[in-house]
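Below, chain A partners chain B and then partners chain C, in two separate complexes.
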Partner chain A sequence: MHVAVLQFPASNCDQDCVHAVRVLGHTANLVWHKDTSLGAADAVIVPGGFSYGDYLRCGAIARFSPVMQAVIQFAAQGGLVLGICNGFQILCEAGLLPGALIRNRDLQFHCEQVYLRTLQRDTAFTSRIPETSVLKMPIAHGEGCYFADEPTLKALEAGRQILWQYTDALGQATDAANPNGSVQNIAGICNARRNVAGLMPHPDRASETLLGTDDGKYIFQSMVAALQKA
Partner chain B sequence: MKAKLVITPKKAVLDPVGKTVQNALAHMGYQGVTGVHVGKYIEIDLAPGTDKAQAREALNAAAHKFLSNPVIEDFQLELVD
Partner chain C sequence: MHEPAITPELVQKHNLTPDEYTKILTVLGRPPTYTELGIFSVMWSEHCSYKNTRPLLKTFPTKGANILVGAGEENAGIIDVGDGLAIAFKIESHNHPSAVEPFQGAATGVGGIIRDIFTMGARPVAALNSLRFGELSNPEVRRLFTGVVSGIAHYGNCFGIPTIAGEVYFDKSYEGNPLVNAFALGVLRHDQITRGAARGVGNPVFYVGPATGRDGLAGAAFASQDLTEESAEQQRGAVQVGDPFMEKLVCEACLELLATGAVAGMQDMGAAGLTCSTCETAARAGTGIEIELNLVPQRAPNMSSYEIMLSESQERMLIVVTKGREEEVKRVFEKWDLPWAEIGVVTDTGRMVVRHGGQIVVDVPAAKLADEAPIYFREAKEPAYLAAVRAFRLDGLADTTNPGQDLPKLLADHTIASKNWVYRQYDHMVRDGSIVCPGSDAAVIRIKADSVPVLRADMDPTANVDKYVAFTVDCNGGYVYLDPYEGGKAAVAEACRNLACTGATPVGATDNLNYGNPHNPEIFWQLKESVRGLADACRAFNAPVTGGNVSLYNQRGALGSIDPTPTVAVVGVIADPAHITTQWFKKEGDVIILLGAPIDLADPLQGLGGSAYLRAIHGRKTGTPPRLDLDQAVALHEAMRALIYGGRVKSAHDCSEGGLIVAVAESCFSQQIARETHRFIGATLDLTAFSDGREDALLFGETQNRIVISASPVDAGKLLAQAAALGVPAHLIGQVGGDTLTVKTARGTFSAPVADLHDPWWNSIARVMA
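Moving on to the complex of A and B:
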């Protein structure tokens, strides 16, 4: 798998994403936000950070970058696109994913480990996640509270597009396990076509045992498996 | 000419900032405050002689597409000479 990792002004997880992909035995290169082409990429990762200083709204300015036109086209052709943290916010702003991410309900920036339950395993982002496992991954965000109106939520449920929920260590989606107030404890979703996904937790910071958890690797391995099948 | 854009969170959207400000007002002794909604105010300077109707149309589109996020926010646009 060769991954294009986007780089905006104030992206700060771009190198983490490149590193995680390489550690798992694949290749990646950075693509500058002013570039209009993604090169020969099999998949795209929109990394975390604070693109354009989070001015106006998180991801609002980044979505109009030249490179995002290439990403929109890549996604329209069925290409795999994963947005992590600020990348998730950018994909929502760009309309590639439904809903929006707003200020955490307690107004605090949360930098901690969370547990995630995977709700769907028939996607290019989740197929290699073991059936029984609750994933442990870090979050680091101030605006990660997922919001969508009722009709959108119903469509997400009907389309089985809610991929990950915040849970406790036992996999229970309790309110106490919800770090930011997201509706239905939603941590990550995919689009109806199932080729674009976004999540607030960081699989890129959790793909080596050295970092305390390597559960994030399952998401990247799922993408590899999907590309091999294609 | 100036365009004045007031952006507020939609009623159905969690507004923890508004809630916190409301609580603070209550602590300060202000009575009868039943809701606080914290949004944004954007002022846009327009070149002299700009056509008001055209500017309104263009800025309405910009507010929908970029300056506000219709998923979570409402906006009010006002043009003043």
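Moving on to the complex of A and C:
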């Protein structure tokens, strides 16, 4: 798998994404936000960070960048696009994913490990996640509270697009396990076509046991499996 | 432009003494212009010149085989970590700005220290901070605490640096004058070290970063006087506003710029902004520098030369470019959409010349301004309060009758309690290098290929990049107050002990000296004595000081001076990642061994002087703090590392505030697996053999040089023998297992469920802040 990792001026997880992809035996390169082409990429990762400083609203400016036009086209052709943290926010702002991410309910930034339950395994991002396990991955965000109106939520449920929920260690989506107030403990979703996904937790920071957890690898492995099938 | 006439009142307003003004007349051979007066006042402030402390700072050990850039040479020291790689690190204070405007004050403190690191050509990869506040029962203190923590979080998180370690103490002495000391560490190769020198006569001087505004006018001078209600109010304008997004762009652009090879010198505009960066770069290179202020990007109309030169607008850099290579530099600025301007040229005159619209407004000898600030040997007098401190004895203080009640109280003490409310707000995992996160004795990061700045085209990639670096910051200001010399020693020893527990060997230290007004001989005595302690300890542990910062005048009106607080960050390396050790117990059935003496019976206070126990349980802040024998400390740390290298140590946690039982309790419950998910593991201690002293001293005394380790029972004998052979007392004191912490002494037994002990420790700060 060769991954294009977008680089906005204040992306700060761009190198982490490249590192994680390489650690898992694949290749990746950075694509500058002013570029209009993604090159020969099998998949795209929109990484975490603060894109353009995010003083207006997270991801609000990034969606207008030249490279995002290329990403929109790539997604329209069925290409795999994964948004992590700020990348998830950008994909929502760009309209590639429904809903929005707003300030955490306690108004504080949260950096901590969380548990995730995977709700759907028939996607390019989840097929290799073991059936029985909850995943452990870190979050690091101030605006990760997923919000969508009732019709959108209904559509997400009907389309089985809610991929991950914040849970406790036993996989229960309790309120205490919800770090930011996301509706239905939603941590990540995909689009109706199932080729674009976003999540607030960081699989890129969870790909080596040395860093405390390597559960993030399942998401990247799922993408590889999907590409091999295609 | 009309400038005010220089009068004695104006000189005094600039915080310059008549003698200092006379020295300015001698340096210039004429009266200064208004702008020059402003320039001398900031450059000769304590913040920039160390005029009150330079003789003391000279007593620090600063030499070492691994030191590539030493203390005072540049913006930050640099230490060799092998394989052609090096680390740059430094700590700096932003106390007064944070007292006035906590969010921006702390945020710009982080911004400033990050700039000091990438100015050296290093990529900033880790941050930590050392904070002091008054007591959280005071709503104003809670406001400051909230503001400082969110300011640090805002800047560091957006920039993308893991804020991975730190310490916070709460004491009334910091009520009106909190301390915010920020540390950053960067990585670079030896051949990437950049100098803040204006080299090459005829080379153009570039300004990059946002436009200069009226914010932060003369912040360095503000930081070098007592904080009063009026000054705080008036000086709100001296607090700068930070933009971490801009800093990220400037950092990436500068590192890319250095990779072009077109940069002859680089310096950030920190304290004293354009003034400091121009005269220091010229002074370092032995050249001169000439700039035109009309070329400097300006945010406000009609700014005077005084304002432009003294502004501390943030995120600005001064870059000296090799003549003829300007286009390469401009390309990088444009890629990152950064404002830039060519503002001047390097000259051979040795003078710093500033023109404004062609007219000369400043013409001073750069080296004399930068390096020849007056030096003061202040009067030192032993503080009167120390007589009562030394006379304090335990006779009137009944021994504890209910240690089971004391323990949760101590664990809930805000200084001892978990700082999760703080560090959860800091992104401490960005950059994929955080191996030991906040919550253990010292943080450990991994340096990897992408930690190194962009390489020049002619550089071969580094063969072996992976390095493991540990760091921590410590200072028990209460100890320093009660015995400045011992307290200074203890600060360094605790930091080095924390590193030893992690498996790391110290390679260098950076210190931040926070004190009251040095004109007060009692304050200066505190300063002098504690520096002596720091220096002796740094020598003993082979941790040379590579730089740091001095912050004086930390006092506010009737609230008086802060406790003398020389915070010390020590950095260490771990050769083999298998040696990285954490503080929490690992397995049921493991044995618990205490390295060091259970109690120091030679100390009349048995380790209770200045202890958290005396303060939190008895409301007393007094008594000579426990002695720290440096030879024993060195032996303990060497032994700790040797035991870890032997592969038999499963956990190691140093005894500090709260003593032995707090250390053991923390070993039982401090492992956090994930949000709302903690690992609790009980322990049973048998301390009946140590019945010679007081019960409270045995349990909660802070006798120095002690570490609690755990190991498999089959290894216990070997570890005890090995420790003895290395000259360190070692005692088997208990076993890991069960759900309770149970402690048996000669006087009885107390026991509590680990979960019940964890709750006050984990939640006490969050509860008071809710």
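Here is the rule we go by: the second predicted complex is superposed on the first by the 230 of 230 C-alpha atoms of A that agree within 3 Å, B and C clash if a C-alpha of one lies under 4 Å from a C-alpha of the other, contacts with A are read in each partner's own complex, and residues count from 1 in each chain.
Keep this in mind: contacts are C-beta pairs under 8 Å (C-beta built on N, C-alpha and C of every residue); 3 or more make two chains touch, one makes a residue touch a chain.
Predicted model only: the values in this text are computed from it and were never measured.
Once the two complexes are laid over each other on the shared chain, residue contacts for A:Asn104 go to chain B alone; chain C is not touched. When both complexes are overlaid on chain A, the residue A:Leu210 reaches chain C alone and has no touch with chain B. Ranked by how many residues of chain A each touches, chain B and chain C are led by C. Of the two partner chains placed around the shared chain by superposition, chain C is the only one that A:His202 touches, whereas chain B remains out of contact.
In the superposition on chain A, no contact is made by A:Asp35 with either chain B or chain C. Contacts of A:Cys13 after superposition: chain C is touched, whereas chain B is not reached.
By the touch criterion stated above, A:Ala140 is placed in contact with chain C alone, chain B being left untouched.
Comparing the two interfaces of chain A, the one with chain B and the one with chain C have no residue in common. Those residues of chain A whose C-beta lies close enough to touch chain C in the complex are 9-10, 12-13, 15-16, 18-20, 32, 48-50, 52-55, 108-115, 136, 138, 140, 142, 168-169, 176-177, 179, 202, 204-205, 208, 210-212. Across the interface of their complex, chain A is touched by residues 150, 153, 157-160, 243-246, 248-249, 252, 335-337, 423-432, 434-435, 437, 446, 448, 450, 577, 672-677 of chain C. Interface residues of chain B facing chain A in the complex, by the touch rule stated above, are 9, 12-14, 16-17, 20, 66-67, 69, 71-72. Considering their complex, residues 56-57, 60, 64, 92-93, 99-100, 102-107, 145, 147-149, 181 of chain A touch chain B.
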